[in-house]
Amino acid sequence: MRLYAMAVYLFLYIPIGIILLFSFSAGRSASQFEGFSLQWYGKALSNPFVMDALSTSFTVAVISAGIAGIFGTMAALALQSMRGRMRLFFDALIYIAVMVPGIVIGIATLIALVTVFGWLNPLLAAIWPEGQVPPQMSMGYGSLIAAHTLFSMALVIIIVRARIAGMDRSLTEASSDLYATPFGTFRQITLPMIFPGILAGVLLSFTFSFDDFIIAFFVAGSETTLPIYVFSSIRRGVTPEINAIGSMVLIVSLSLLIVAQLILQRGRTPRS
Amino acid sequence: MSRKSDFISREKFMQELRRLEKGSVTRRHFLGVTGLGAAAAVLGATMPGLMPRRAFAAGDIGDRVVLATWPNYHDPANFEAFTAATGAAVQVNVFGSNEEMLAKLQAGGSGWDVFVPTNYTITTYVDADLIVPIDTARVPNYDPAAFEARFAAPGTVDGKLYALSKNWGTTGFCVNSKHTGGVKVETWKQFWNMTMDGFSGRTMVHDYQLTTIGNALKYFGYSFNSIDPKELADAEKLLIDAKPHLFAINSDYQPSMRNEDAWMSMCWTGDGKQLHTDLPEIEFVIGREGGEIWSDFYAIPKGAPHLDAAYALIDFLMTPDINKKEALAHGYPVADSRVNAMLPPELLNDPILYPAADLLSSLEFGAAATLTDPNRAELMARFKSA
Amino acid sequence: MRPQARNWLLLAPAGAWFLFMLVLPLVVVLVFSFGERGPAGGYVPAFTLEQYLNLPARWTAFKNTLTLAPVGTMLALLIAYPLAYFLAVRANPKWRMMLLILVIVPFWTSILIRSYAWIFILGGRGIPSLLAMVGLENVRLINTPFAVLTGIIYGYLPLMVFPIYVSLERLDKRLLEASADLGSPPWRSFMQVTLPLSIPGVATGCMLVFILLMGEFLIPAMLGGGKVFFVGNALVDLFLQSRNWAYGSAVAVALVAIMLLTVSLYMRFVRRFSDARDDVSLM
């Protein structure tokens, strides 16, 4: 049994080992080790496009996870006390949002937005005051964040709802029996109890957005996220710079993961 | 002195390859005819007027410029030099096909400042209103008189200049002679037959319609540009039959050729040159039946976000001594006689770059119709999904 | 404020988001799927069933997806289950958290970079060269369905391990001990106690992996060399190479339809065979 587990871990880590190994290569090739060097880390860190892509990915991931966290939690709270057709309709939407493959979401968003912009831009130009440059709507940060938030929001709603379902109702009831305002009840009872769910949802959303390639590939317009940069570089013939980027992302996310784990453990409320 | 001995050993090497020996006379003829020969080289090197004027860094052009181009097509050091001179970093986006570039531009918001279309696509870009005419006043290093007309002409549509000639070349195939058993490979017929026989699992074809379909058409002796349904049906049958024997359908074949996963691949001139230089056993072949001759251009897409930087970059790359470094790095022939005047003669005599006239005469420029023809697009898609 | 009005307010932003970013795009795709390709690509409005009638031209892509997605899911399950079992039941509790984190860590480097590492491992300089040393010449791994399956399993293993681990972790070990005390052989305890308890986790894991595999593009593109073609690859091709938006939309609609159908059938099937139905669905 233990041997089997070791074999699986080996399977999981051989590629990681290769990525790390070649990130220290002195040569230009990512498949032939030519002596130890840290130069590719320096190159990656001083490459403005890597840093740009990294900051784009980070910004998009933070904003979309934030929006998804807030709006998703709001929706989850509303849905818990809703019944009937509206509830079924929302359930279906969430179900579809999770089920439809990312590639279809990407393509659908692209052609829908291109079509809508195709109508809106001339319209804007027509109604815009004389002598001023009318805004041109195009794919970019906005479409990227909007598309990522869609999936993330569905994720947050599902996780937070599961948390609410496992919540002890008697506490909120007691709170309102004691004449606490609804908001007071929310702030003091509900929020602390569902918070680990929200956090888990937001973290997952961040990860999803940060790592997503296929949706961004279609809707990013002129923006370059880190996965798009990596994809384009792989075509150009990989230098160990890519390995260095991968290794750094790995190390940073590993530290994030450990921090998140610590927070989650501290925030974990005892379940009744 | 050393150059001379290099040249001689080169000639000796050529003699070993019969094809090249035969080509050397006609090649010189070709170079003479096209004005790329030794005479031009001597003349050009002594004329100070041909030295570059550095006008590309005039004023503040912003901190970046985005270039959409092809794999292995630039000298990275030149981009570093451009950044050092102007303060604008160059983002290089690499593409695998003209179709993909067109799709990206059609969808809008590509964010590119400069891109590198191939001759046969430019009219489509103009028709679709996707590129803007070049203001030659902003490209002082561009000298129209220096360019060979047949490679530069497709940049002009309806009397307006939309694109400046970057390089030209041919599309043949590269083959690792270690595995041919001494057989001389020189036709597309052999390319496809070997793929389905001894080279099974070792051949790569491009991941776009023009050359993959075109070179399958050549198997039957049809035009490279055919859009005739019957001829396309023949090509499709060949492609489908060959598909199980392919190593990959991918336009980035250098890595696989270098590590010998693949033994043969459709190949552009410069890649053939780069591979042959590093691994002499890899030879570049232009199919006897014909194939593609092409020229690439620099163009500016409509709505380029950094227009000043776009002009600065094009002007920089048009500078003869910069373009010379580009050519030395990527190995593609240049249509600019000012650059050719500076290139070492062994490069100008290289049979990979400047094929013999009889080989060259059978090649065809890609036709605009193939880019938009729905049948060719769908045939390629069927082949890939088969 | 009335609770109902409050609920509406709370739902409004999410509702608007779903409407504009999900319903609208999907409706556009549906509309486009009845249209025609423009002369230079793109879309022209029309009403024709031509795109749907042409779907058989992508039969191989659908067939590949519909075989490799379930096969990949099953293989991932077969590899993940023993590991999850080991982590939940056998592993030293002191190391358990650490070992679990180690399962996710590879997931935190871009799948692109990890797939690139696999190109090297499966390519001529990797495993085949090792095999050649022991006399197995000319083994081809890269650009085969095997390579794609390896990449798939590698990419999605954590998604399978986690839900199974969670359901096994809840297993009361005293049950197993009791079962052993009653003279039941270990395999029987496993079949009668452990396996039924882990079904919800297995169901969730399988569904997650299956859904992602159905829309897969990257792994077949990188490890299949353009030869192992999924519907996802066909879609990217239709939008980025042949620029046939109408036909691409029809393929997308077909993919979504097939997914909704298989997943609902699957959920119905799982619910019927599972007592713990609340744990099964994603919701």
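First chain written, first letter: the chains are A, B and C, and each begins at residue 1.
Note that in this section a contact is a pair of C-beta atoms (placed from the backbone, for glycine too) under 8 Å apart; a residue touches a chain by one contact, two chains touch by 3 or more.
Since the structure is predicted, the reported quantities are computational estimates derived from the model, not experimental observations.
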- [ ] Based on which chains touch which, give the shortest step count from subunit A to subunit B.
- [x] 1
- [ ] Decide which interface, B-C or A-C, involves more C-beta pairs in contact, and give its chain pair.
- [x] A-C
TODO: Averaging only over C-alpha atoms, locate the centres of subunit B and subunit C and give their separation in whole Å.
DONE: 40
Open item on the list: Counting only Cα atoms for the centres, state how far subunit A is from subunit C in Å.
Closed with: 18
Open item on the list: Quick check on subunit A: which residues sit in contact with 2+ other chains?
Closed with: 31, 110
TODO: Please set out, as single numbers or ranges, the residues of subunit B touching at least two other chains.
DONE: 259
Task: Residues of subunit C touching at least two other chains - done: 123, 125, 239
Task: Footprint of subunit B on subunit C - complex, ascending - done: 37, 39-42, 57-58, 60-61, 123-125, 140, 142-143, 225-227, 229, 233-234, 237-244
TODO: Provide the residue numbers of subunit B that touch subunit C in the complex, in ascending order.
DONE: 97, 99-100, 102-104, 106, 124, 127-128, 201, 207-209, 243, 246-250, 256, 259-261, 371-372, 374, 377-378, 380-382, 384-386
Open item on the list: Taking the touch rule as given, give the residues of subunit B at its contact with subunit A in the complex, in rising order.
Closed with: 63-64, 66, 71-72, 89, 91-96, 107-112, 252, 254-255, 259, 303, 305
TODO: State the interface residues of subunit A toward subunit C in the complex, per the touch definition above.
DONE: 1-2, 4-5, 8-9, 11-16, 18-19, 30-31, 71-72, 74-75, 77-79, 81-82, 86, 90-91, 93-105, 107-113, 115-116, 146-147, 149-150, 153, 157-158, 161, 182, 207, 211, 213-214, 218, 226-227, 230-231, 234, 238, 242-243, 245-247, 249-250, 253-254, 257-258, 261
TODO: Name, in rising order, each residue of subunit A that touches subunit B in their complex.
DONE: 31, 48-49, 110, 114, 117, 136, 138-140, 221-224, 232-233, 235-237
